[in-house]
Amino acid sequence: MDISAITQYTPLFVQAFFLTVKIGWIGIALSLGIGIVCAFVMYFKIPVLTAIVRVYVELFRNTPLLVQLFFIYFGLPKLGLTISAEVCGALGLGLLGGSYMTEAIRSALEAVPASQRESALALGMGKGQLFGLITLPQAISSSVPAILANVIFLLKETSVFSAISLMDLMFTAKDLIGLYYDTTECLVLLVIFYVIMLLPVSLIGRAVEHRARFAIYGD
Amino acid sequence: MEEILRVEHLHKKYDDLGVLEDVSLSVHKGEVIAIIGPSGCGKSTFLRCLNGLEDIQDGCVLLHDEVINPCDDVKKLQKSREKIGMVFQSYDLFPHKTILQNVTLAPVKVQKRAKAEVEAEAMELLTRVGLESKKDNYPRQLSGGQKQRVAIVRALIMHPEILLLDEITAALDNEMVREVLEVVLALAKEGRTMIIVTHELQFARAVADRVIFMDGGNIVEEGAPDEFFDNPRTERTRKFLDNESFTVK
Amino acid sequence: MEALGFDVLLKGNNMLRLLQGLGVALKISLISVLISIGLGIVFGMLVSMKKPAINAVFNVYLEIVRIMPQMVLLFIVYFGTTKSLGLNLSAEAASIIVFSFWGTAEMTDLVRSAIISIPVIQYESSAALGMSRLQTQVHIIIPQTVRRLIPLSINLITRMIKTTSLVMMIGIVEVLKVGQQIIEANRKASPNAAFGIFATVFILYFIACWPISQLSKYLENKWAN
């Protein structure tokens, strides 16, 4: 293995790493925002909006990010809507992620046992107090494992950003391989950077899952 | 004795299935009423109609002569629940709050009472049921019997006029049933007004002023405990009591 | 129609080519899923034997699959093996290898937890009835395991179908790539083709995945016990 090649390429990879991470986390934040709003719409069964949300969720959960990105980046400009590659990446990730987050949050809300609801009502609590003091706190903690799993999934999905010419890690790797044929070195760096990006989150995810199981089952 | 609660000709259906038929009841201050009957006879459903957790199709429930079921006024219903406390079979403490928080949540948020005062009373009540040392624990760390005693405290601290107990020992292991029943006995001695749905017949006999037998959605027989258990008047009551007693004839 | 670029679909055999491209995606997914299920069952039974060495290896394997984006794995297998192993893998073979690698990890995990979740009491009662270990496996354990696996495997197929869109990046002519080719070819004639074509590809993937995921939900609910 050519160490000099590795040292030469590393700064390029670092740059790409930060770009990927930046767009990735903006997309994730967007997906959480969308997820919370849509999950609330579905949980409270708001008319009309619930149907729209359902269509949105099914559409985006059953299509790949790559197709969504191509559609937004190449297709929408034909309607007059031109978006930069970075915005497109964050938007695509946010829309895709939003559909997954909606499911995670909604099912956490609905998983709070009905008996909790009755206990709270029997104590004289109103609907607002029931939601804010009893349902929501329990839903938040039970949704964390699913949300973290989604975060890991979305971070992995950022690997398709190169398709819309974003100079992310994959783009850098492919570029350098094409130029210098130091395939092994580039692939090694590629793996290292993805590990840096994802391993911490994955370990946090496992730790949280353990704690969540402890909180429910106490063992 | 002042009448607190009155039920007049209550009818309830689930879809087309009649669950409660023409049930009427009058509850006076200080009375302890035990409701017994086979599973599925509607006794739990009846209790839930009293605090509006179930809606009724005909008849009404009156608290101090005001109709609380059927009731469209959400605020009125909420207020009535402060006066009618309920403890469930599945205790359902809030898992994300400590024992103390579980008990003080409703008085502070619903009745808007001062936190200090509520906490002091909470500790007093917890001490009375022997659980003051658990105040900072979480529900998952307590046994079933302990959780049920906390659930009773949680209902009591709201200062209800009448307490509804829905099969509160049904989900407990035998050893824990006693500790909970003793709390209820103590409450009865204090003069609390209670309606207790139970299948612990000996306990019903010991604690109640009046025993009601329900079957198939209506009240079959009611009477003072000794008379009820020793000399049941109807055939159905007799059969039920015989079934429950396992004495070889 | 023209303004949105959908007219391109009606020209020549464009629609047919798109469908063929989808077929490539489905073919790769199907082959990979079948390999994954087969290997997954074998490995799953191995891992459920609770030997620490096997567990350690499996956990590393699982973590690799969990962390590494499929795209990176595709690059490693397609570009990397040529250099270091001197193999000349076709892009299709590379994708099937990567997808199977991914799918097997998931299936092994599923099989393992399905086997572990069967209560010990069932092994004991079968033994008490005089059944041999093989009979217990065949008549009691395996049918239940398979039942638990089916909705989850269907979920895996859906995700694989979506992931096959990546293989265009290593040159396989699947539906997205066909779309690009059509748009390129019709640059002058139908400038807005990009919208119509990519919208169509979007819908095609949806049509491929949605019924399957609905089936999976239905089965999961039906067999909730």
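All chains are identified by letter, namely A, B and C, in their written order; residue positions are counted from 1 within each chain.
The rule we apply is simple: contacts are C-beta pairs under 8 Å (C-beta built on N, C-alpha and C of every residue); 3 or more make two chains touch, one makes a residue touch a chain.
Bear in mind the structure is a predicted one, so any value in this text is a computation, not a measurement.
If you draw each protein chain as a dot and join the dots that touch, you get a simple line with two loose ends.
Comparing each chain's Cα centroid with the centroid of every protein Cα atom identifies chain A as the most central. Taking each chain's centre as the mean of its C-alpha atoms, the one that lies farthest from the centre of chain A is B. Computed from the mean C-alpha positions, the centre of chain A lies at a distance of 20 Å from the centre of chain C.
Per-chain Cα centroids separate chain A from chain B by 47 Å.
Per-chain Cα centroids separate chain B from chain C by 54 Å. Across the assembly, chain B contributes no residue in contact with two or more other chains. Residues 58-59, 61-64, 66-68, 70-71, 74-79, 152, 156-160, 162-163, 170, 173-174, 177, 183-184, 187, 190-191, 194-195, 198-199, 202 of chain A touch chain C in their complex.
Every residue of chain B that touches chain A in the complex is listed here, in rising order: 51, 53, 74, 78-79, 81-82, 85-86, 88, 90, 92-96, 105-106, 109-111, 140-141, 151, 154-155, 158. Within the complex formed with chain A, the chain C residues making contact are 4-5, 63, 66-72, 75-76, 79-80, 82-84, 158, 162-163, 165-166, 168-169, 176, 179, 183, 191-192, 194-199, 201-202, 205-206, 209-210, 213.
Within the complex formed with chain B, the residues of chain A that make contact are 113, 115-116, 118-127, 129, 133-134, 137-138, 141, 215-216, 218.
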